[in-house]
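Below is one structure, written out as structure tokens; comments come after it.
Residue numbering begins at 1 within each chain, and the chains themselves are lettered A, B and C in the order written.
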Amino acid sequence: MKIASYLKSIILFKPEEPKKPFVLDDFEHRHDENASNRTEDENADVPDGDEEKEKADNDKNNDCNRKTERKKKITKPIPIDNNEGKNNEEEKEHAEDGKISSSFRTCLEVIKKRYSADINGDFKIREFKVRVKDKVYPAFVCFFDGLVNSSIINNNILVPLMTLSVMPMDTEEQSVRDIIYSHLIPQNQIKMCKTYQEVVDEVNFGGIGIFIDSLDVAFAADVKGWEHRSVEKPTSELNIRGPRESFIETNRANSALLRKILKDENLIVEDVLVGERSKTPCSIVYIKNIANTRLVDEVRKRLKSVKIAYLRDSAELEQFLEDDTFLPAPQLLLTERPDRVAAYLGEGRVAIIVHGSPFVIVVPVTFFNLIHSPEDYYLRYPYSTLLRFIRILGILITLFLPSIYLAITNYHQEMLPTDLLLAIASSREKVPFPTIASILIMEIAFELIREAGIRIPGPIGPTLSIVGGLILGQAAVSANLVSPILIIIVAVTGIGSFAVPDFSLGYSFRALRFVYILLAGFAGLLGITLGVFIHFLLLVNAKSFGVPFFAPFAPKTTGKRTNTIFRAPLWKEEDRPDFVNPKDIKQQPFISREWVISEKGVNTDGSEDHNR
Amino acid sequence: MIIRMKTILIFLIIISMIFLSGCFDAFEPDELAYVVALGLDDGADGNLIITLLLAVPIAVGVGPEPGEIENATNIITVAAPTILGGINIVNSLISKRINFTHAKLIVISKELAEQGVERFINTFARFREFRPDTHIGITRGSAEEFLKESKPVLEFNPSKHFELIMESFEYTGFSNGSTIAEFYSRMECTCNEALAILLDISQIEDSKDLTEVMYNLKNSEGEVLEGDYTATDMPIVYENKVRQMGTAVFKADKMVGELTGRETFYYLMVSGKLGQAYYTLPDPGEGAKNITGKREYITLRLGQARKPEINVKIKENRPVVNVQVSLEGDILSITGNSDYSTGEGLKKLENYASGYVKERVISFLEKTRDEFKSDICFIGKSVKKTFLLWDDWINYNWAEEYENADFVVDVEVKIRRSGIMVKQVPANQLKGDIR
Amino acid sequence: MDQKTTIGNFEAACLLLNLILSKIILDFPRTVSEDAGSAAWIMILLDSVVVYLLFLLISRLYRKFAGNDLLDVGEIALGEIGRIIAGIIFLIQFMYITHVVLRQFAEDIKVISLTSTPVSIVILLFSIGMIVGAYLGLEAISRLHVLAIPLLAAAFTLILLFNIPRYDISRLSPWLGLGVKAILQKGIINLSYFSELIALFFLMPFLKKKNSFAEIGRYGIFFSGLFLVLSSLCYLMVYQYPTSTEFFLPMYQLARTIKIGRFFSRIEAAFILIWASSAFLYLSSSLYFITYIFQRTFNLKYRKPLIVPFIILIFTLSLLPENLYSTLRVEMHIYRIFSWIFTLVFPLILVIIASVRTGSKKRREEAKP
């Protein structure tokens, strides 16, 4: 028996059909691709075709088509509704026009369908009864568990709806809808919605949807209560003086932080939803009577035209908004400090807050804004001038030190003092690599340490920096891989790169120094000059929201340049930067310290100063 | 499509750069041999004997402890008709490529200098690697010997050694720190003649010989003050045999004579290049000679109070040169009993010093006129200033006119302070009074 | 063409300054001292004054045509043919000086730094910069000028200041050098040193304020005259007349002799940065002008496609001279003798004809009704 079955299994052996491997494929997408292919084929065929009319059309459109051809290929997201089975006529009708049905049942069905309530674990629906004008209406609320504050729902929505309706009120002549809206939901933010989409948007963003039978509207109340970070110290823009709050991941909290500083009713926080699917709330923030209207319009236009599926962070938005993708410098400023944003708003710039990102975008910026640190304003004038000087030195060192070292030692040996040259020559005596190779080795090693230092889990970090910094350098020297002077060069370059206040700008300099090293290795100082020429040509050609990147200097604007490379005393900064074209150019009057004896020797109260 | 072309182009450029890099002019600093000093001697048949003093970097820089390697320098001698031809021969011999960008000194033998230097000075001005600030010196013997004997004692770094020595004239006044740029410019100048540093190797082996040397040097007045000799006769015994003292005077490109250290001092004085230097002069006063008959001396620190004023007037076709030198100084030491620190004494000393210096400046100027026939003190400048047209100036021919020049010299010495003492109470007299 | 391109007064003045002054770092101080001996600075001072007066005359006549460039004026004067003739003349002028200067800068770099690199590679390096500059257009170039010119001027002044210990006024004597006749005769030829002033008339349509060209020109001539006089004066104070004619690169020679203490000497290699950046600015702006003039002359729609053909042409032309000497000869004995006629006299004639014709037209129009 056993044998028979065994033999049978051998004879009738049939290899198991290979399981279909999981292919993440979208039928709709494939269909679309075919369609686009087909259209391309058609286009290709048309010139050969005999239909003259088509040909003429094609010729006519040819010019316009060429540009839009690439755009055509981008597949558009397909609305969910199309995929759904359309069995219920009524539902179909409502789904199409999106109007809320007065039937409680239908609403429930639509909502359940919409949210796939049977498999969506965190989507909650609570059904109950509301009693208005001695009549009982079935109702339900829906919300996402975790996104909302349960106690607000209980106390401000469910309790009044379920119990308070028995209280006597002078509401005889009012409709049910109005009674509920004005008496029964004592929640501060409530919205009457006509379409499902409105309710869905609210619910997706921590609201609660309230559906009541016999009403053709639904109520959406804002009961956000998700977990978020509290306001903490800034982590990347540290300072010693000045406020120590930083933005958090919540849109409104961030705008509140700004309002807390500016306290100005002209501060506008304009909401825009970005993201086809994520519908991330973003806010354009500006001061109405300072910021240039055209600038605000431009920001609004760009923001609204951004088509992205899921917007998670302002850094992503930055890449959609910037003028030039390939420019080796950031054209928007991302900061986590409310005080800095407030200062820029006061100058007539515009900020963009993205929900979910602790960084706020400021536009337009110039190169000089990117090398400023918020602390510059909180320190006394002489100190901050010195600080800026050192910072610029740091930038120059980061960019040029390794390449200049290479150019001088390889091409212009006469520039070095004789003692130093002999020292370099003797230290290189046993090094097998050319200078350019050893510089590249050490710079790459440095970048490795730096990158690993960021990615590494916390406790191991310091160990790595010790290993990298000390042992690697020391060992490289004693193994005669590099000369000791080179270690100094690389170390100073590394330190210099940390002095760049803007993270993004720092990256650009770190990357470009490799280009400069190659150029210096190629043609010495001439190569570096070529690099500088092209680099700065690109930079001066760049624009950030219509403002030239080197604005007060190139092109030279007529306004006072008090706060660019170096700072002027705070009381001298009378004008807002004129390249931003603010509506009001004066920041403070000419005499901003009224107690000071004026230059003519006359006190502000009219008495003369004879001691001058 | 355009974007793709652009990226391809950029990549091509970058790749070509990587391949080309280091192909042409890049030299690692350890691939070069740095010449510290260059010596030129006359070889037979128009050849030059070229001596290179190379720095040995590992003896100077990091690596072994300083001094661990015996010689910080390396000497190569080659014969060739031109300098760079000789360098080519050397390059085929040594492992590194000769580089002149850090040369500090060019030594030319007197024999060669008297034949004329233009034919190789030209190289120094034309070839990029020679620095204009390289010093130029003339040695009485052979330049090769000179470089061989040159052994830095206070320094490990031979280049620093030469550089510092040649600049020392600023505080000694015994030399002139002539550089290639200066030499070349003066050689081609129509109102001026070139000069170079005078160098030599000392023959004095032992300090016992010093007495004899001093005796031989004695002049008519029977005294030898510091600097009354050239590099050859310097009464010094030192491990390093190389000496620097005095000036080699040129007319056009040919060496015509030598100035002693003291005469060089007067040259610096008249041309306005004197720094602060010690200057000794015999004591004029009653205590000029002490009981044993020895001469007493005063040492001053002299410096230029103002730039010298030189005016030239042409009287009866002879240029009359009016030189006004004003010096200021401090008293540093007085060996005799007379006190010159106060009142009358100070006046007396000032007058005496003015006269003393004036006498010697005149004899120095006359030496340049009569013996060298060469204007090295920029006197021609003030003649040139009076001309309007180039042709007139060339026809005037200052180089010849200088031989007829008359000198009117006015020297003014001001003693400003007397060290950290305001007066001197002679101990001998004090004791005598008590007795 | 980007009609929106506008440049401010300061940008235009900087552009003009660099165009005129970049010859200082080439051979200017030497060539003038060859022409007038120790009085070269007087000659160039006189030239500046003459050019200044000439410019005042031109700018007075030009006021009517403010906002139009010379080609428009040519068209007003002689019709379409006038524009094309003017265009071709200025094109040749710019092409000629650009290829000579490109070769000179390349030789310059080759002599002082990259001695064994083939000159074609050095020229190629410069060409890359020229392409990028001309591609990004006048706005970017002029803005870069604003950043660079103050630095270059400061560095240049620094060279002159560091040489103060070596200055000797008596080297300027004999005061009239090779004679009044030489100064006047050669002075006329040396008006060509201001020939790049022509660029101002092509900047006209881009200026923010149409009438500010006169001011720009005045300042441009004043400062370029100042720097030209200063450079020749200082060079002659360091190297007296016959020696001054020997050196290929006078300013390099001045930078070479800088010595302040033992450490701060031999720094002339750092001045390669100055030489090369001035060269990049000059070459890229003149390439821009070449393509711009060509486009305007023949009424072309696009400018950027012209860049590559013209750079290839200039590259090839600049490789034509056999050696350093013939490069110098091409500049000194051919270009300088004729260029002032094309750049100073020819525009003057054009403007005069144009204003006469517009004047007569206006009179005719007035007479008609």
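By our rule, contacts are C-beta pairs under 8 Å (C-beta built on N, C-alpha and C of every residue); 3 or more make two chains touch, one makes a residue touch a chain.
The shown structure was predicted, so the numbers you read here are calculated from the model rather than taken from an experiment.
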Considering only which chains touch which, label the overall pattern as line, ring, star, complete or other. complete
Counting C-beta pairs in contact, does B-C beat A-B or the other way around? A-B
Taking all protein C-alpha atoms shown, work out their mean, then name the chain whose own C-alpha mean is nearest to it. C
Could you please state the distance in Å, as a whole number, between where the Cα atoms of subunit A are centred and where those of subunit C are centred? 47
Chain centres from averaged Cα atoms put subunit B and subunit C apart, in whole Å, by 44
Report the inter-centroid distance (CA atoms only) between subunit A and subunit B in whole Å. 70
Spell out, as numbers or ranges, the residues of subunit B touching 2 or more other chains. 20, 25, 101, 131, 163
Of all the residues in subunit C, which ones touch at least 2 other chains? 113-114, 117, 128, 262, 266
Touching two or more other chains in subunit A are residues 411, 414, 524
For the complex, give me every residue of subunit B touching subunit A. 14, 17-18, 20-22, 25-30, 32, 34, 55, 57-63, 99, 101-102, 104, 129, 131, 157, 159-160, 163
Subunit B residues within the subunit C interface of the complex: 13, 20, 24-25, 101, 125, 128, 131-133, 163, 181, 184-185, 188-191, 381-382, 384-393
Subunit C partner contacts - residues on subunit A that touch it in the complex: 408, 411-412, 414-415, 417, 523-530, 532-534, 536-538, 540-541, 548, 550, 553-556
Tell me, which parts of subunit C touch subunit B in their complex? 37-38, 111-118, 121, 128, 168, 170, 173-179, 239-243, 246, 256-257, 259, 262, 265-266
Given the complex, residues on subunit A that touch subunit B span 409-411, 413-414, 418-419, 421-429, 431, 434-436, 484, 518-519, 521-522, 524
